[in-house]
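Both complexes below contain subunit A, partnered by subunit B and then by subunit C.
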Partner chain A sequence: MLIYIVKRLLTAIPTLLLISLLVFFIIELPPGDYFENYIAELQAMGETVDPHKIAYLKAEYGFDQPMIVRYLNWVGGMLHGDFGYSFEYELPVTDVVGNRLFLTIFVSLVTIIFTWLIAFPIGIYSATHQYSWGDYGLTFLGLLGLATPNFLLALILMYLANIWFGTSIGHLMDAQYLDQPMSWAKFRSISEHMVIPVIVIGTAGTAGMIRRLRANLLDELHKQYVITARAKGVPPFRALVKYPLRMSLNFFIADIGSILPAVISGAEVVAIVLSLETTGPLLIRALQSQDMYLAGSFLMFLAALTVAGVLISDIALAILDPRIRLSGGVRR
Partner chain B sequence: MNSPLPGDGETIGHFVSPAKFDPQAVEKLTPEQEKIYLASQWRLMWWKFRAHRVAVYSAVLLGLLYLSIPFAEFLAPYGLNQRFVDQIYAPPQSVHLFHEGRFVGPFVYARSYTLNMETLQREYQVDTTSIHRIGLFCKGEPYRLLGLVESNRHLFCARDDGTAFLLGTDRLGRDMLSRIIYGTRISLTIGLMGILISFVLGISIGGAAGYFGGWVDNVAQRIIEVLQSLPSIPLWLALAAIMPVTWSPLVVYFGITIILGLIDWTGLARAVRSKLLALREEDYVRAAELMGARPPRIIFRHLIPGFMSHLIASATITIPSMILGETALSFLGLGLRPPITSWGVLLNEAQNINAVALYPWLIIPVVPVVLVILAFNFMGDGLRDAADPYR
Partner chain C sequence: MSIGERERDAAAARRAAQARDLLRLEDLHINIRLQRGSIDVLKGVSFRIPAGKTVALVGESGSGKTIAAQAILGILPNVAKITRGRILFRPPDMDGGEFDHAAEPSDGPYMRAMRGGAISMIFQEPMTSLSPLHRVGHQVQEALTLHRASSGREAYEVTVDMLRMVGFPDPKKAYAMYPIELSGGMRQRAMIAMAAICHPALLIADEPTTALDVTIQAQVLALLKDLQEHLSMSLLLITHDFGIVANMADEIVVLYHGEVMEAGNREDIFRRTGHAYTKALMRAVPSLDLQPGERLRGLWEIDRPVPDMMKRRAEARPRPAGPILRVEGLTKTFNVRGKTLFSKAGKPFTAVDDVSFDIRPGECFGIVGESGSGKTTLSKLILRALDPDRGAILFDDGEGLRDVVEFDSKELFDYRKRAQMVFQDPFGSLNPRATVLNILTEPLEIHEACRGAQARQIAEELVRLVGLQPTSLNRFPHSFSGGQRQRIGIARALALSPSILVCDEPVSALDVSVQAQILNLLKKLQAELKLTSIFISHNLAVIKYMADRIAVMRRGRIVELATAAELFCNPSHPYTRQLLEAVPHADLDHPLPFDHFDFKRGEAVPDLELGWDSMFRTPGEGSDRLALRPISDSHFVLTRQSAELRSLAS
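Take a look at the complex of A and B:
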């Protein structure tokens, strides 16, 4: 078991390295850099820039050095917790990102739990009642969730919530709790505002999960051991719960790997529409103004979050189902 | 009592059929069976696909939508940028059939607006005394059909200088219905272009990985893993944000298709790879190798065609995600920009809560988006079932 975990952790390292290369390449791709934009912006407003200050800043952050050196500096810095400096906010990246990243993780986590709670019963129902009206109806509902663009659903739900429940529009909490320490009232305000984002982000993932769970469980239900169990007189419900359901539980955990990127993606878009205090709006702004350390570290955080999520799901799966680690490893 | 068994003491009567004995009677097929056994693979697929009713309807719907692309100018009642300054933010007009209890055929009522000085909103009043009948093939804004034929006929319009905005107008007084019809062009083709790119990439990379195995496979697998573990929207955002603002909208359009294709190929590559890993051990591959065929020829000529139908089916299922991706990017203002009109660009106008509250018809472009995505999903399901007709 330990060997498996260590091996799995080791394979995550090249993945992260490749991701960092890709991210660096993407943020380096556009012509010019933040300072050129900055100078142009100031000149457009009729102000002058002290060339010495710019030259100093450029030298300080290594903009005069070749690309490869900058890349190594960036990655090297990240290894000991220095994620660079945001030029726009004039703050270290960790200070800008920190709190928002936490909220992103929080929203994603709640969304995944929501997805499970919805997808699990529906998936089981659809599989056990294949081709019934309920199955068709639920499948169609799921597809509808898949087909509706997230952002519009967010807008409409937000509008309805405002009319029906008087929830204030946008943000993840009422305005008076911004920058306040965590308290019971703040928590309540956050949970009230969480409902819409979680539903919106969850719909797409839920639909996919229901479909996969249904297909998975159906495969399992048609296997011989289920027939044997039924023939021996095990009641249908027990025959379902005892083995096939356990098999599809494995799949449930494995599926984190495929829904986590979607959840984080969805969280970004919805965050932009609803102006949530998560990472989405910040990321777009950083990308547009070429605030490269902020944008790069951000993309890196999101990617690392996904990689970590997949890692956890893989390890949990290996604990649940020994066959996976036995067949995948070198042993035997 | 009419028992098939003879009674006690009766002799068993012999039965001899007068018909000629045909020793092959058992193996003989009925005409229907013969039809199935002799049918080509594509014919079998077609039969199987036909059985999936919803998929057929979806295919018809999509076919019609794609057919409408070259004729958008004719189908749309107004031009893409034709403005009606006195009809800004006009709500949809409904089509009536009966006027004052009398049947007059389809028509719309005329209307006028007043500016509410408190809310600064335009309020439209329907004038139920004057009617504008809906006419077919009437003259309107001139255009060039297919870029060749000059014409000014439109499918329908309101007669007597009336206006028919069946889906309302936007903030510049442009007809929503016409703009949605024009938007079909971009929104539907962007998925196809993207899938083309991802097809080429997926088959080449997945093909190479599956055929050669070894380190090629390892490298390809790592790259796929990386791309799949990155959340796609932030990646799209990053790639879209680096496209210079100075690019012309058409170049941006191609840029977006390339971005969508570049990120989407991984799933296809995986499918191709796993299939090839199994197929490369087949005898016909060995035969081709011995005859001196180079790897590209073996992959593209001998291996890929064997499961092309599967690939097409799985590609159909990924087109919707591309259409949604474009819509999301354009909605956020990072994708296509006016004057290029796609459903996402139209939805960009409905971005704020005011639009939803005051001008709900601005979010109508979401209806074709949902319809097309559902249709692609159903058709993909049908194709996937049909792709393996021998099952």
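Take a look at the complex of A and C:
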């Protein structure tokens, strides 16, 4: 088992390298670079540009060097925590992203837990009461949740909150706590502001998960081994949780790989609408202005999350399901 | 009252208790709710199960056998409801009180205590009836801890003992294994252990051996008999096989469409069969006692004349003078698992090992063997769905024998037209999104034989030929039953009027009532279209009914090759004899020799060959190799090359 995990970790390295190559290539694809954009912008506003300053900056950041060298510099830097320099903010990328990254991960985690808490009981209920009014009602709600665009839901909730409570629910915390160190009051403020974004971001995921859990559980409920369990006298609820539910968890674990990046990138549009202090809006702005190191680091971050998620789900699957473990030749 | 008198009274009371019935079904009606309306699946069924006896519940699928068992256990599906009648059970540890299972709440404490405690059940499909995620020992032990207050250590000991009792050679190791690590037969043993661990008064076995090979079946039946004796339990045996019934049952209940057709003890049913349905059911199952030339009579027959056009096309096919197919030294090895980043390469497994035979035009060549014997791999090699490691497959299309292995893609494409296949699984082998018309005309289009109206006409002929209405051309496979789908599969295989038809277990997935129908259809097509066919089956009776010559396969090798008559009159290889011995006969005077099937031995015995004469045993390194050697013109046996064969000739 340990060998399996180590080998699995080792295979993640070439994957990440390949992704970094792709990310770099894609960022370099559009013609021009940040400085050309910058010059064009300044000239559009009728200002003059000092060509010496630009040439100096270009040399400073290695823009005159061939692509391969710039790539190696970028990847090499990332290895020891140097993610480059954001031109737009004129700060190192780590400083721009740092705080927001923490908030992003926090919002995402809470959203995922929210999704699970809601989706599990409903999915189990729907599957065990298939074609009942309860099942139809919940299915209808779930489809509504799946079909409503996140940003629209965000706008509606914002509007309603304004009408009913007279509060603005934008941002992740009250303005006075911005850029302040973490404190109890700040944490409470964040928690209060978190409710709406979590609901908005989590709705579609919850609805999707209910559908999948219901379908998977329905497949398992009629399997022979469930009847075996009942025939030996296992009480109904225990027979449900111990056998078919456990089986239908496989999809769920396999899902971790995609759920992390999906939640984080799905949150971006919502984050703009609700003006949250997460990384989403930053990424979109960085892509627009070709702030390449910032954008590149972001994309690498998302990719790393995906790889980590898949890794976690693979290892968890191997631990939980003997069929994968044994036919994968891991043990024995 | 003297002590002697008291003892006598006690003995009399005990006898009276034994004579009483353990379970009685009285006028049981069960109704199943459908999307539109409802259907009565049991219409007033009554029978009894005496204590310590075996009752066989016999009928084809849909007769209500399984639903009756589910009602006894209180595990009816939600859509099923008991509308009338009683299920009276007398639990042994409740001082002779009777309980009506039809009235008890199915998840109440009483029913939960009965399920697995006093009544337990084993199922047909050992592959799916155990949870793949939990250890075998854990699943067996769960039944014990639910019903008997026993601590962890003690429960473990009891479980290990039980596993040993059902024939696991190393029960401690088996305890920690997962179901995927076990073969079907061993899984069924684990199920039996789980069912028997609480020493139930009644064991319900729902087709317990239908999915097993014939020798394993004999072992499992022997095990059930042994357990019944040791635990003095009653057995409700649900089956369609009168061979098993004759060997196991004390009393027999024949069920048809939810009604009891006939019931009685074994003597009455077998020697004085009363009801026409019972007779028909006995005849519909192929048996080894069938005389050559005797026709199997299905419960429902289809008999359509073969259209002249198809006969003409068959006539037009070139017919070689010599063998149409010759297989020489065919060998195929599988790497159990290739070497990957995560695992070392497994030990290679020889699925087909130096196999040679000839097939003459117009004959039906049977291949029989247990699971894992390589018979399906062999058929795939012949069709070039797999490439052999060594050996030649010579095919004669009227231009002399040519090696199929050497064919280029163009020649192979033509060969596909000449050799077609009928598959085992009628559900998986038809595209669910294509209409029957598409399914039947697709081969014609691929091979550019014809298209449009002409193709449609051929498709119509084909469905008529297999006994379906031309209107079924516009329907999708899901609207047909298993037997009907298998007929569509046969029609598709015939669309290109092939020279060779390979049938891989074409009836093993079908219900007994339609098996005879499909076999008779294949037999007729073979005769009238002069088809050459290769018929693969694990069922000796089916092979005997269908094939002209038969090859018996074991571990990738042909151990015996003979005409059907010679093979069954003079089985010469010990393995063939073993197989034949394990087939249960529907004849009270011909019981299975249960003591020959040592279930304690398990099946993973490497030295099965130990009991054989030395001339049949696999020789060690360096000595002479086994070879298929003739004992008459048409009878070959796998022996050592030095062995004297005269003793084997009949």
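Going forward, the second predicted complex is superposed on the first by the 315 of 332 C-alpha atoms of A that agree within 3 Å, B and C clash if a C-alpha of one lies under 4 Å from a C-alpha of the other, contacts with A are read in each partner's own complex, and residues count from 1 in each chain.
One rule holds for everything that comes next: a residue touches a chain if its C-beta (ideal position, glycine included) is under 8 Å from a C-beta of that chain, and two chains touch if they have at least 3 such contacts.
Model, not experiment: these values are computed from the prediction.
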For this session: Check the residue A:225 against both partner chains and state whether it touches subunit B (first), subunit C (second), both, or neither.
Result: second
For this session: Check the residue A:307 against both partner chains and state whether it touches subunit B (first), subunit C (second), both, or neither.
Result: first
Exercise. When the two structures are overlaid on chain A, which partner does A:188 contact: first (subunit B), second (subunit C), both, or neither?
Worked result: neither
For this session: Considering only the touch criterion stated at the top, classify A:159 as touching first (subunit B), second (subunit C), both, or neither.
Result: first
For this session: Please indicate which partner A:15 is in contact with in the superposed arrangement: first for subunit B, second for subunit C, both, or neither.
Result: first
Exercise. Of the partners subunit B and subunit C, which touch A:283 in the superposed model: first, second, both, neither?
Worked result: first
Seminar exercise, completed: In this superposition, the partner of subunit A with more touched residues, subunit B or subunit C, is B
Exercise. Which residues of subunit A touch subunit B in the complex?
Worked result: 14-15, 18-19, 22-23, 26-27, 29-31, 143-144, 146-152, 155-156, 158-159, 162, 169, 257, 261-262, 264-266, 268-269, 272-273, 283-284, 287-288, 295, 298-299, 302-303, 306-307, 310
Exercise. Tell me, which parts of subunit A touch subunit C in their complex?
Worked result: 4, 7, 11, 223-225, 227-236, 243, 246-247, 320-323, 326-330
Exercise. Touching subunit A in the complex: which residues of subunit B?
Worked result: 222-223, 225-226, 228-235, 237-239, 241-242, 244, 320, 324, 327-328, 331-332, 334, 347, 350-351, 353, 356-357, 363, 366, 369-370, 373-374, 377
Exercise. Which of the residues in subunit C come into contact with subunit A in the complex?
Worked result: 73, 75, 107, 112-117, 120-121, 123, 125, 128-134, 142-143, 146-147, 178, 180-181, 191, 194-195, 337, 341-344, 346
